[in-house]
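Comments concern the structure below.
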Amino acid sequence: MSQKELLKVKNLKQYFPIKGGIFGRTVNNVKAVDDISFTVHEGETVSVVGESGCGKSTTGRAILRLDNPTDGTVEFDGVNLLDLNKKEMRKMRKDMQIIFQDPYASLNPRQTVRETLREAMAIQNVVPKEKRADRIAELLETVGLQPYHADRYPHEFSGGQRQRIGIARALSVDPKLIVCDEAVSALDVSIQAQVLNLLKKFQKEMNLTYLFISHDLGVVRHISDRVIVMYLGKIVEVGDKKSIFENPQHPYTKALLSAIPVPDPDHNKDRIFLQGDVPSPIDPPTGCRFHTRCPFATERCKEETPELRSAGYMAEGHQGACHYMELIESGEHQPTRETSNVRMLDEEPEKV
Amino acid sequence: MTTYIIRRLFQLIPVLFGVTLLVFLLMHLTPGNPAQLIAGETASQSTIERIEVSMGLNDPLPVQYVNFVTDVAQLDFGYSYRNNTPVFEEIKPRFWITMELAIYSTILSIFIGLIAGIVSAVRQYSVRDVTIMIIALFGMSMPNFWLGLMLMNWFSIQLGWFPPTGWGSASQIVLPVITLGTAGAAVIARMTRSSMLDVISQDYIRTARAKGVHEQIVIYRHALKNALIPVVTVVGLQFGTLLAGTVLTETVFSINGLGRLVIDSIMARDFPVVQACILIISVIFVVVNLIVDISYTLLNKRIDMD
Amino acid sequence: MANQNIEQNTDHSEVELQAMNVKKPSPWKDFYKRLKRNKAALIGFYTIVFLSIVSIVGPFLLSMDPSDVDVINKFSRPSAEHWFGTDHMGRDIFTRIVYGMKYTLGVGFGSVFLGAIMGVPLGIVAGYYGGRIDSFIMRLIDILLAFPGILLALAIVSILGGSLVNVTIAVAIYAIPGFARIVRGSTLAAKKLEYVDAIRALGSSDLRIIFKHILPNVSSPVIVNATLYIASAILTAAGLSFLGMGAQPPMPEWGAMLNDGRDYIFDAGYIAFFPGMAIVIVVLAFNIFGDGLRDALDPKLKN
Amino acid sequence: MSTNESILEVTDLRTSFFTEGGEVKAVDGVTFDVPAGKTLGIVGESGSGKSITAMSILQLISHPGKIKGGEIKFRGKNLLDLSEKEMRKIRGNQISMIFQEPMTSLNPTYTVGQQIRESYKIHQGLGKKEGSKRAIEMLKLVGIPSPEKRLDQYPFELSGGMRQRVMIAMALACKPDLLIADEPTTALDVTIQAQILELIKELQDELGMSVVMITHDLGVVAETCDYVAVMYCGKVVEYADVRTLFKNPRHPYTVGLLKSLPRSDRDQEELTPIKGTVPSPDEMPVGCRFAPRCPFATNLCHEKLPSLDDVGDGEQIRCWIYTDEWNGDPGVKVYEPERTTEG
């Protein structure tokens, strides 16, 4: 990548305390994000994928300091955001925006589109007052709406249109980075495609950088340059879209990809069925967090936490966090568990 | 679960502290010197000073408060200004009368409220439902002292069915209990109904229907059990309201309970008695609410039990 | 060719949406529409408006004075001359009820207004900032809530002394916990809304978030709660006056009138009947209006 | 249509909701067959009426909804003619249903065992002991570990995936002939979804039942279904076997859906969305419901509603293009192969 590093996340941790016991003290933590590091370059789309509870949304919120991270650094444009005070951070927010999942909850129902956009511009004071009306009309056209929509309330729009308004609000302050938190997940397929195309178009035109958080691997494959796969608060694999989808290294990534239903009746694949459910992030498994479900798990996985690393045969920038990547690739390490049976009667009942 | 109960008990401490403090301040915020009140208006300055010393009124307030709490913990509420008898002795015979009145009224309101609420919810918007809900609205909107007066007027004076005053015999109990229980019944009926309607629209009710469960069983087994959980909380709150409501009901029916004692004592500026009554009623209310909270948690298995 | 067609037609600016052509009502119109659907609530609303007008204009239309003592005509039963009869001092009960209207409504509105002014900020601060401030405020609220029903108001009046103003203050304090709790709950819910996060992500200050984005969400439960609280405030205030701890004679306050009537319940039940009926009507009006408001403002019940 | 015998034939089903704003025709003349032992997928976007169709089959529509007409023939008899009592004997016994939200679809105040046993009690009159025995067998069948222990647990003690397994165990307790699965995996993670879909498939083979799979996910359809009915605005617009539908989709809506779909199995340069949005119920087009969004629509399409017609090979299409009355660009038919997804 020749582009400069726009966002650099180092050892980010986000723990949410659990109060309990007799005195309501913090008795434990939900380790939603537990020591992750990654870099996003200017102008690229990096997707964060994983199942519910893996910490992908928490990561996005922590980067924007919507929740204050427990530990680590988030460098944006060379500035560590976690060092900034409230006021400095407010200024910084001009450069980093977010688009949310729920098109119904992400707009204030009592504000017209014009009020919503004008407020956004006023907060960051980006456009001279007298020019804001023109800018609003322009923004609406950019996202595929009409200037006369400005005086309508959110409930007068469909889900897809609301999502466009949400995008217009994010764009109104001219940001460099946009975090898309499941931004198209709530939309129907035909509308989702409209919004995805729109996002792609803006990226080209405005040199935007996206951190795209999603559980939908089809969408991720379509929109990303690079992909980060998370499991239980940890990054298990990171790499180019192509390498991740065509040459996944981590057993979790492999299972995840194999689990997606493909809209082609002739598509034949060997599905890897994972045992049981994702464990609780309160007491995550020791060693590799995936070892409780991993088909290839050994004693070593239980004890030793694997670090993200590359291997000679892997593409540049492609890293996985598995002790056995190479051996699995070469076929020397075989599954230690059944992977084709969905009736997992041998599993111990999980603790709740 | 045990942790939960213990935690709730610990949370009781600041509340009880606040309640005792407020009740304690009640006496000290009130204009007028208590010593003067005891001694009477014509008492000499030296008498007043002597009383002040004996009551510890010259101690710093925190010291007085600690003494107050220590005494109260031993059920020593001081002496009545009016009769110079121990307050506890004044209260003891009246306490059970008030508890009886409150408990009977609560039982009545639960009984009527639940039945009315369920009957209403089962056929939403039917004539039956609308009638019950209108009656409940009236029940909620009536001042209970007025209801008491009217019941007394009709059933005691004009029809002569029940004695108009007093407490003790079965016939004396009827009117006060109806008077006090009506509003509670109305509140519980409304709560039960809305809770039932809420539950009936839940996914698991659809599941039960999809299983082929008879509609009757869907309502009385699948819906009712879930619907009653939030009603429990209301019942707890109602008990407190009824307990406090005895003040009015006892006044109307000339019942010699705690409620009437409060009023008489306020009128006579007999503050040790007022303090003790308010403290006792509040503490009972707090404890009842704690019990209700715990049973709510037991019933509502979805609540985290840590 | 067909392919081409599809591509051309998916130009984004062309998403000229059909849904736009139908004007949907604004939130307020929508609310009014839903309120109008609830007949009972409308009756409640109009009753409140009517009674408010009566409380202001009524005294000017009446020929009698509420404190005109007429010993000869005392205890006269309802008649054409004295619609609701006269009391033990021969005062016209109807006149007294009309004059008393403003006290009842005044205590109701006044105490709830005072209670809201104190309770709403407490609830917002507790809900928005959370943590220690929240725990502290909620403990205070718990203490107030430990005095059930009329008891807290009674305790306060016993300190302040019996008068209508003191009753208003007492009932206001009694209303604080309710407002604080409801507002705290809605603030917590509003804080989690995505649009609040969006406005935070834009760099908005806490004050703007609270006033522009959270307060409006809190307002409808506050309005509903206030309406229902007026009903119970009126009952509590009347109760205090009935006990002789509130409005003092000869003020034509309804609770105090009931207190008067109580002594003659054996011979002249109507003296107590009419003021009580007046209370029932006013309280009922607020209760059904509050119910209707709740239905109209509660998005859960929409459709 | 298909050579197989049908277990369920739905003809011209109409279900409406009567709201303040007037009648909303959620299901507006739906027709399809479910061949015995096979899986029919009903696919559509939100508001297409697919879930209402499912609820209508079991007559679980409650106020203000109403089934206005049509026929639902199950094993030859019209379910709409049955009394409520007769219908109850069918629900959960011959036709069962599982729902989207496993978290809320189980009664929180009863144990897993109580809820499964209830089915046996209603339909087979079994007592607690025999019911428990059968319930344990069912839990084993759906792959729940230590079923004896689970029997006494409450739903809140189970994970989402486990709850959906319990729902399946409950639905299949009486070995129904037909299982209606209404978005059974939408609320679940993709790895859990794979387990549940596979489980349903395996159980279908073991028990020889038919399945109606309601979903918005074309991937799920391709993997689990034998036949597919595509719904749009309360109507079936295309009915075909699964291979035909994905290899040679004909209705412009189906084509559009497939072209909108971002794929995880291969790279795509550009997605081709369908323009516009689903019309709201109060402004339903009079002609073809899809006409305002259709790239080929002519005046005919805007004015007159096409019927659902056989076009051979058991396939049915509701579109003017495939009729003799088509007066638009004749090329659209000729260029047909180019509109497939495999282009």
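For clarity, chains are labelled A, B, C and D in written order, and residue numbers in each chain start from 1.
Note that contacts are C-beta pairs under 8 Å (C-beta built on N, C-alpha and C of every residue); 3 or more make two chains touch, one makes a residue touch a chain.
What you see is a predicted model; the values in this text were computed from it and never measured.
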#### Entry: Reference chain A; chain at largest CA-centroid distance
B
### Summary
A student comparing A-D to B-D should find more C-beta pairs in contact for A-D
## Note on the structure
For the pair chain A and chain D, the C-alpha centroid-to-centroid distance in angstrom is 31
### Message
Between chain A and chain B, what distance separates the C-alpha centroids? Give it in angstrom.
### Response
53
### Task
Could you give the separation in Å between the centres of chain C and chain D, each centre being the mean of its C-alpha atoms?
49
### Query
Quick one: chain B and chain D, Cα centre-to-centre, how many Å?
54
### Message
Multi-chain contacts only, two chains or more: what residues does chain D have there?
### Response
156, 256, 259, 272-275, 277
### Task
Two or more other chains in contact with one residue: find those residues in chain C.
10, 14-17, 19
### Query
Among the residues of chain A, which ones contact at least 2 other chains?
158, 160-161, 194, 197
### Summary
The answer for chain C against chain B in the complex is residues 139-140, 142-143, 146-151, 154-155, 158-159, 161, 231, 235, 238-239, 242-245, 255, 258, 261-262, 265-266, 269, 272-273, 275-276, 279-280, 283-284, 287-288, 291
### Message
Under the definition above, what is the set of chain A residues touching chain C in their complex?
### Response
61, 64, 66, 89-94, 96-98, 100-102, 105-110, 119-120, 123-124, 141, 143-146, 149, 153, 155-158, 160-161, 166, 169, 173, 194, 197-198, 201
### Query
In the complex of these two chains, what residues of chain A are touching chain D?
51-52, 158, 160-161, 188-194, 196-197, 215-223, 242, 245, 255-267, 271, 273-274, 277-278, 342-350, 352
### Summary
As the complex stands, chain B meets chain C at residues 14-15, 18-19, 22-23, 26, 29-31, 137-138, 140-143, 145-147, 149-150, 152-153, 157, 164, 237, 240-245, 247-248, 251-252, 262-263, 266-267, 274, 278, 281-282, 285-286
### Summary
Within the complex, chain A is touched by chain C residues 10, 12-17, 19-20, 24, 26-27, 193-195, 197-205, 208, 212-213, 216
